[in-house]
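Two complexes are shown next, each including subunit A; its partner changes from subunit B in the first to subunit C in the second.
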Partner chain A sequence: MKRLDVDNLGERLTRRLAGRLSRRSALARLGALLVAAPAFPLLPVQRARAADAAQSKPKGTDFSRAAQTHDDKACNYWRYCGIDGNLCSCCGGSMHSCPPGSQPSPTSWIGSCINPDDDRAYLIAYRDCCGAKECNHCSCLNTDHAMPIYRPQANNHVIWCFGTQSFEYHCSMAVLVGLAQ
Partner chain B sequence: MSIRLALALASCALAGVAAGAAGAAVPAKPAVSRLTAVQVAYLTSCGGCHGVEGSSAPHAVPTLRHLTGSFLCTRQGRQFIVRLPDVALSSLSDRMLTRVMNWVVFDLGGPAAAGRGARPYTVAEVARLRREPLTQTGLTAYREQVVAHVEARCAAPAGLNVYGAAYGPGVKSPSPKG
Partner chain C sequence: MKRIAHEAAKAAASVGALLIAAALGATVWSTARAAGAAAPPVLQSETAGVTPFAGLTPHELTYSTMDGLTGGGIRIIDGDTAKLVASVYSSQYANFAWAPDHRTLYVSETYWTLGNRGTREDVLSIYGGPTLSNEGEITLPGRLISDPKTHTFALSSDGRYGYDYSFQPAPAVTVIDLHSRKVAASVEIPGCGLVFPFGERGFASLCADGSLAVADVDAQGKYTVRRTKRFFDVMHDPVMDESVADGRSGLAFFVTYDGWVHPVQLADTPRFEKAWSLEQAAGMSAATSRGGQITWRPGGQVPFAYQRSRHRLFALMHEGPPWSFEKPGSEIWVLDARSHRLLHRWDVPESAYLVAVTADAHPLLFALSQSWLWVMDPDSGAVLRATQILTPGLVRVRGE
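Up next is the complex of A and B:
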């Protein structure tokens, strides 16, 4: 039985390579390989997992990703991310002024919303207009940063008319306070 | 006037007209104030009721602006404003609550405290005080007692007395929206 002669096999392979390739050619190929290596992902599994992690943590909130910045009479306008009630913009007022006949409350709760145009967070004061019959137009319920009733300071279901002459709820404004970032 | 100087002045005048026209055509973007981390913490934890600038409905919510610094006139007053339930039990960390308290007292609260050389709160002091929130019934009556001591010892501003003196209508209790 003939035994496998590794020495002979190695010698033949080396001589064949030496006959076909010059030293310069071999060095050039090795250099090209070294230069090109960083361009390829070396750890595909780890990079795939990193990509998954990035996808699992999308920027903003569900509301901000679907929000728009042109129609302040729609519930998905970006400043309304935590509003609960009737939009004053639909009741003869605006985001920062009460309709005639109602009175702005000096108290409010302050949340923060992301403007999709610049991906920045802004503080928004949800201030109710009081002292007139409920408007009942454009009723919205969004809950970003709103807290349950046992944290009433940030609860959007409370009638924020503390400090006004009447506790009758009319509509809610969304006043821009400032840039949080 | 040389021709070169006249041409230079004319080109400057034209540039000014162009700039003015451009300024009129493009409406200025409304200024939005950039808030510091302390201001954000104050506004989201306190500013809704106490007011963005520390002034709200004074009978319903104590005014902070130009007044809060006076509480540092007495040891009792200094402890009182940290031991208030909504301060002591807020969701802020000890470090951020300390920064907010110092900002409320020395910046928002006016020169009353700083003028008397009151020292800022330390994190350790706030951490210790907030572990003992005020729990007695009749918190408004206790506040009047604290204010009376402050007034007896210092030249406290009159506005300290307004809260609790007379309630306006509509501040009895919050009720859910229909």
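Up next is the complex of A and C:
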């Protein structure tokens, strides 16, 4: 019963609609969403993931219990709980900026990680940098709350380079979006 | 200068020694000929060509590479010798499948006109003939670019149709008529992904609400998509992308992160059988995603293989906490998919990410780490052969 919150109802309604609407109408809505995107970046996914995160917060995960907060070039840095790929921090960039020669994708998937310093769950946008050859430094594979590819908004196997000039994957950032609560 | 003069003197001495050795060799050779010893035959001149390819044999394994330095590529290794047999070019993030003739290879892949940019081209490339050469391409309307996923591309069991999962930008399955080499349909599957063919032309996809989308086609080639009931809890224990399905029989085993096996007979109206637990089959408590429980769980990149003739399910298993579904397996569990019993637990020399089993009467079991392939006996667990490989992405063996 705990699952019957507003976010879940919203998701079900959205899925029901998505199952009935054609791609043409879906595209029209997608177009409207893209136009309005700067006004509410990440909001729908953020809310859905916040609900998930709130449920998983009390216990934490194996990753969160061993996570650290001082070295963003290590796979166990707290924000990387769901990252799959090369850390941009090791490739000339940072957790929120792409290395020179690559460009950030406007799309991403959203995970939630617990910061061991304050024990709060934060939403993290795993955003890929694209256009340069794969960096091949600091390759990490963490899977907290990563969902299968048929639920792409929470999947770390999709190459999230939609909307860039190139689909060449270079590295992944872990951009802090805000509190998950 | 002193150093140069010294080197020059050394070089002159070396040349002198070589000349003396050559003179001595000539003398020995002349003496041998004079004594009547037979001269070795003159080596025959050669013509360069290509080794013929007679088709994928029952014990050959095909794997795609996802090596960060070499990019894509597809390789065939003979399980009886652990030797490389053939290689086919592919882009990065490609998927592939063999036609039922075991000679024609279809590769779903993506290129850009300027390498990393320019005009994008999604194609189904065709390889075959006596030397496994390129035989053209079919242009696709789009495809998903992701880390390797077995079920983003598949053929119908008779090889007439190809099914390619697209996410460009909406989820859809592109149906390709492989006889006419044309796209036959683009079937939207909102909220769903991947493709599991069944019957002559049907396919199913997994959906984000825990149901299946089932697509069936009428005589005019028009597809209709329907949703089934929800059969798994996607938020707490989702079905893994790399579940296993037997295209010929339509029997799928959708396995969850916690190791619950949902057998589904795919059809226009799928038949859902009672779920069973890998851990309970081994006499353990069922795994749960709650409470940080450390137990045996399925995991890896391609963690399951199914042997239809003996109803055996092979699963890469590791001891780990919830959300460790991509951890490689330290053991391969062999399970009877009908009685839901664990038959064997085989150790692998190094944790394995992918597993495959051949479909013939004398099967071989393959376990792949990121740099090694082990050929194993599925009945004894013995490692028969091993060879180094490039980082593997996907594996396919010959279907029977």
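In the analysis below, the second predicted complex is superposed on the first by the 123 of 181 C-alpha atoms of A that agree within 3 Å, B and C clash if a C-alpha of one lies under 4 Å from a C-alpha of the other, contacts with A are read in each partner's own complex, and residues count from 1 in each chain.
Keep this in mind: contacts are C-beta pairs under 8 Å (C-beta built on N, C-alpha and C of every residue); 3 or more make two chains touch, one makes a residue touch a chain.
Computed from a prediction, not measured in an experiment: that's the story for all the values here.
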Which superposed partner A:E134 touches (first subunit B, second subunit C, both, neither): both
First, second, both or neither for A:T61, with subunit B first and subunit C second: second
Which superposed partner A:A125 touches (first subunit B, second subunit C, both, neither): first
First, second, both or neither for A:S108, with subunit B first and subunit C second: first
Comparing the two partners subunit B and subunit C, which touches a greater set of residues in subunit A: C
Touched partner set for A:K73, first subunit B, second subunit C, both or neither: neither
Partner chain in contact with A:V158 - subunit B first, subunit C second, else both or neither: both
Partner chain in contact with A:D144 - subunit B first, subunit C second, else both or neither: second
Partner chain(s) touched by A:S166 [first = subunit B, second = subunit C, both, neither]: both
Subunit C-contacting residues of subunit A that also contact subunit B: 84, 134, 145, 149, 152, 157-159, 161-162, 165-167
Sites on subunit A touched by subunit B in the complex: 84-85, 106-112, 122-123, 125, 130, 134, 145, 149, 152-154, 157-159, 161-167, 169, 176-180
Interface residues, subunit B side, partner subunit A - complex: 32-35, 39-40, 43-45, 47-49, 51-52, 56-57, 59-61, 86, 168-171, 174-178
Parts of subunit A lying in touch with subunit C, wherever the complex brings them together: 3, 12, 15, 18-19, 21-23, 26-27, 30, 52, 59-63, 65, 84, 131-134, 136, 139, 141, 143-152, 157-159, 161-162, 165-168
Of all residues in subunit C, those that touch subunit A in their complex: 68-69, 93, 110, 112, 116-117, 120, 144-147, 149, 167, 169-170, 172, 188, 190-194, 205-209, 227, 234-235, 238-241, 290-292, 320-326
